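In what follows, structures are represented as structure tokens.
In what comes next, chain A is part of two complexes: it sits with chain B in the first one and with chain C in the second one.
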Partner chain A sequence: METIYRIMEALLPFEYMRYDFMKNALLAVLLITPLFGLVGTMIVNNRLAFFSDALGHSALTGMAVGVLLGVTDASLAMVLFAVLFALLLNGIRHSGIVASDTVISVFASLSTAAGLVILSRGGSFSRYSALLVGDILSIAPAELFRLLLVLIAALLFWGAAFNRLHAVSLNASLAKSKRIPVALVDNLFVVLIAVIVMLSIRWVGILIINALLILPAASARNLAANMREYHLFSLLFSVFSGILGLLLSYYLNMAAGPMIAVIAALLFFATVLVRPAVKS
Partner chain B sequence: MFRRKLGIVFGIMLVFSIAGACLVSAFGKRGTEEEEEGLLVAASFYPVWIITENVCAGVEGVHVVNLTQNHRGCLHDYQLTAADMLTLETADIFVINGGDMELFIEEIAGKVPELRVIDTCSGMELLESGGHSHEHGAPAAAAKSSPADPADDSGHTMNGHVWMDPVRYQQQIRAAAAALGAADPAHAAGYNENAERYCGEVAALWDEYQDVTAALNGTEVVLFHDAFYYLCDACGMEVLHGVDMDADTALSAGEIAELTDEVRYHGVKYFLAEETGRAAAEQLAAETGAQVIYLNPLTEGDAAADSYLQGMRENLELLTGLTEQKDGL
Partner chain C sequence: MKDKENQKSSSSQSIAGKTGRRGMKNEGADRRKYRLLQPPCGLHCIKMNDIGVRIGRETIIEHVNLHIHCGKLTVIIGRNGAGKSTLIKAVLGEIRHSGTVEFRDMRDRSIQDLRIGYVPQQLNIEKNTPTSVYDMFASYISNVPVFLKRSRKLAERIQSALSLFEAQELIDRQLCDLSGGELQRVLLSIACDPVPNLLLLDEPVSGIDRNGMELFYRNINMLKKNYDLAMILVSHDLDYVERYADSVILLDRTVLAEGPPAKVFAGDEFRRVFG
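And then the complex of A and B:
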């Protein structure tokens, strides 16, 4: 860790690099934003935007279950719960009994409400309110390491299964006829989303995590003509808004996560404006 | 085509970066800040800031800042901001209230190991906070007589609002001065002198309280702020029940009903609340016919070193009004 700090200090001779918490936050941004940019493309393509939002809300219940069971590592309880939640939700979604958005909404409401009921026992919900807005400045090296592992896992998954995932998103029946294990690929993808969302939610916050997942990909979609461009632009927008947001929050003394989301949203509007010029 | 798009993407980013840089140069505060010469002492929040400001008054080369200047109320669930971390990284000494008031202190210890932390409550006997303090049907007992319930799930059971007891407050002042003197021996005499002067003023104020204390001794009250436990303890008032107004969830219907029954059963006439806890106190007062007295818990106020003395004097006037009214009945 010390070596990384020294390298960062050498590369970025700025005032804010004097502080370890800023180094950690910058590293976190450099891990989280490419992850979000990458996964966001498929979330947008598969129309899972609302799904990932519901997953974010399940963090409250995951936390509550962790508290009830007395689990010391809240992240573990949250990840396990979110994976179960995602698989269950995916199963019901594909069963076709109820409209997809209705199911997702029901699950999101239930998990938020259940989490609030349990966590606000004794009137001490405010201890968990950090979960709502997130606090990227309090991230510790061990947690950075976890994020790095997830980023590697996501890259491996992308390398191994992207074509199949893409085929499924275009047309599930066609993918099935090509002997692609549709359900497995789909479930693996939602599990990946669940793990990513849960491990980053404490730094990004339930209220804005979806903004960071969706906005860079949505901006990239406005400009891109093929998958390669789509991914590249999404990554660029995501990392850029992360770094600029963190630096602005430092110099202007504002909350980091929301600042990043605001910049990602402004980028989206900028791409909407230049879109006619690009697509013509 | 791809190159053109990439150009547009980077163009957009460039525009955003320039706009950001303009924002920073227009409104940003950092970068121009220069390292303060001498000793920088940070205080965790308002009451501690008042102590520190008084103890450090006129001591050369010592600069006092209030870490949570813009925060109102108690610190229980306070989240440190980037600016706070920055202040703590530059500060030499951090004076805290202690008694579980600054829960973020553990977090800091790992991140700013070289920061010297002064706990003004260390070694002091603290009261418990919240909940019942008596057995049903039995005469109400003093708040501190009930031992801590280890299974209490309301979180912090330690009550850290010690500054509301003028006697304990003097201990806090002296503790701060002694620790500051140990950290900065060159100015130890100055800190001590200031502490003794300020303690003298507080002691004089406490003398003025004696009439009221005698009149109010044994009066049963319900509290709507944990800070008033210490005032009640100092004045000999008996706390029948403390409603935890730091909780951010409203009282449940069951709690209100239970409290109403209890207040009626014991014939409690007075509620002590702070202005921001108005709604709940008023509601219960309307239900039971008790009177609400709004005292100042001194967790916020203007940046004047004599705010504590003034605030406590105002509290004294309010309590005096109460005793006169009591005599009139």
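And then the complex of A and C:
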């Protein structure tokens, strides 16, 4: 860790690099934003934006379950709960019994409410309010290491299964006829989203995590004509808003997560404006 | 404009012709590559025995028995909600069904693994989706992630597969910008690479103009002559069915009538369903 810190200081001889918390935050941004830019592409393609939002809300219940069971590592409880939640939601989504946005909404509300009810026992919810807005400046090296592992896992999944995931998103029956294990691929993807969301939610915040997942990909769609451009733009937009947002939040003394989301949103509107020129 | 069209179709015919000649000269290699041009032997048959689908308490289809041979176009007709798409999904193994589907080689009566090609009604894509025809095609035939490098070799292979259905110039277009007919030709190329034993086409003629329909049926005919496969088409357009189908199946929860188009169209059941 010390070596990385020293390299960062040498590369970035700025005032903010004097603080370890800023170094950690910058590393966190460099891990989280590529991750979000990458999986965001298929979240948008699969119309899972609402789904990932609901997953974010389940963090409250996951945290509450962890507190009730007296688990010391809240992240573990949150990840386990979110994975179960994601698989359940995915199952219901595909059963076609109820309209999928209705199901997702029901579960999102329920998990938010249940989490709030339990966490506000004894009137002490304010302890958990950081979960809502996120606090990237409080991230510690051990947690950075976890994010690195998730990033590697996501890259491996993308490398090994992207074509299948893409095929399933275009038409499940067609994918089935090509002997692609549709349900497995789909479930692995939602589990990946669940793990990513849960391990980054404390640093990014429930309220804005979805903006960071969706916006870079949504902006990239305005410019890209194929999957290579889509991924490239999405990654670039994500990392750019992350770094700029973090620095601005430092100089302006504002919350980092929301600042990143604002920049990502501005980028989105910029791409809407230049889209006609690019597409013609 | 008309000249241009003619030119286009003649040039693609010559491409098909070239592949044909090369297919004869170097048949082994080509067949290994694309399983191209293996005229139907008429000795493969697909048998569906007592297919039934229930969803909850509702019976969608029941007691469907069909016998289909390679080199034949079988068209399923019926009113809306007759269970046509359900039957297709059952054969695909996408929904649970009773009964069996078996694929036999009549020469030695052995049961073989049935490879199904499927042309869906539509794709699940929204406007703006940055998926090119190359991206889509490569996703089914390659393990190299399509968000990485574009492979020239793969692009050539895809182009040659597309050219069989007069769709070679679409390779870099975005799927969401294609017309109904163009998308149909791309989906046909994908379904036929590798060449399946059974090609299922689910109402592929909706949202396509007259020229697109003609081209579609020309392509179907081309497949029938040059490839060793059986085809099942779900269709609404009875004019085309009469002209192109080898066999028609009138479905309404179960098979009401089957046989050559003229025979089925003259039957009482046909009159009852289509009035």
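Note that the second predicted complex is superposed on the first by the 280 of 280 C-alpha atoms of A that agree within 3 Å, B and C clash if a C-alpha of one lies under 4 Å from a C-alpha of the other, contacts with A are read in each partner's own complex, and residues count from 1 in each chain.
By our rule, a contact is a pair of C-beta atoms (placed from the backbone, for glycine too) under 8 Å apart; a residue touches a chain by one contact, two chains touch by 3 or more.
Please read all numbers here as calculations on a predicted model, not as lab measurements.
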### Task
For A:Tyr19, decide between first (touching chain B), second (touching chain C), both and neither.
first
### Task
Could you say whether A:Ser95 touches chain B, chain C, both of them, or neither, answering first, second, both or neither?
neither
### Task
Using the touch definition from the top, say if A:Arg121 reaches chain B (first), chain C (second), both or neither.
first
### Message
After superposing on the shared chain, does chain C or chain B touch more chain A residues?
### Response
B
### Task
Quick one: classify A:Ala225 as touching chain B (first), chain C (second), both or neither.
both
### Message
Quick check for you: in the superposed arrangement, does A:Ala256 touch first (chain B), second (chain C), both or neither?
### Response
first
### Query
Regarding the shared-chain residue A:Thr72, is it in contact with chain B (first), chain C (second), both, or neither?
neither
### Message
With both complexes overlaid on chain A, does A:Thr3 touch chain B (first), chain C (second), both or neither?
### Response
neither
### Task
Check chain A for residues that touch chain B in one structure and chain C in the other, and list them.
224-225, 229
### Task
Enumerate the contact residues on chain C facing chain A in the complex.
89, 92-94, 116-118, 120, 122-126, 128-132, 134-136, 138-140, 142-150, 172, 174-175, 187, 190-191, 196, 200
### Message
Show me the residue ranges of chain A that touch chain B in the complex, using the header's touch definition.
### Response
15-16, 18-22, 120-127, 129-130, 135, 137-138, 140, 223-225, 229, 232-233, 236-237, 240, 244, 247-253, 255-256, 263, 266-267, 270-271, 274, 277-278
### chain A - residues contacting chain C, complex
41, 45, 47, 158-159, 162-164, 166-167, 169-174, 176-178, 220-222, 224-231
#### Entry: Residues on chain B engaged by chain A in the complex (per definition of touch)
1-2, 4-6, 8-9, 12-13, 15-17, 20, 23-24, 27-31, 76-77, 79-83, 85-86, 89, 107, 110-111, 153-155, 244, 246-249
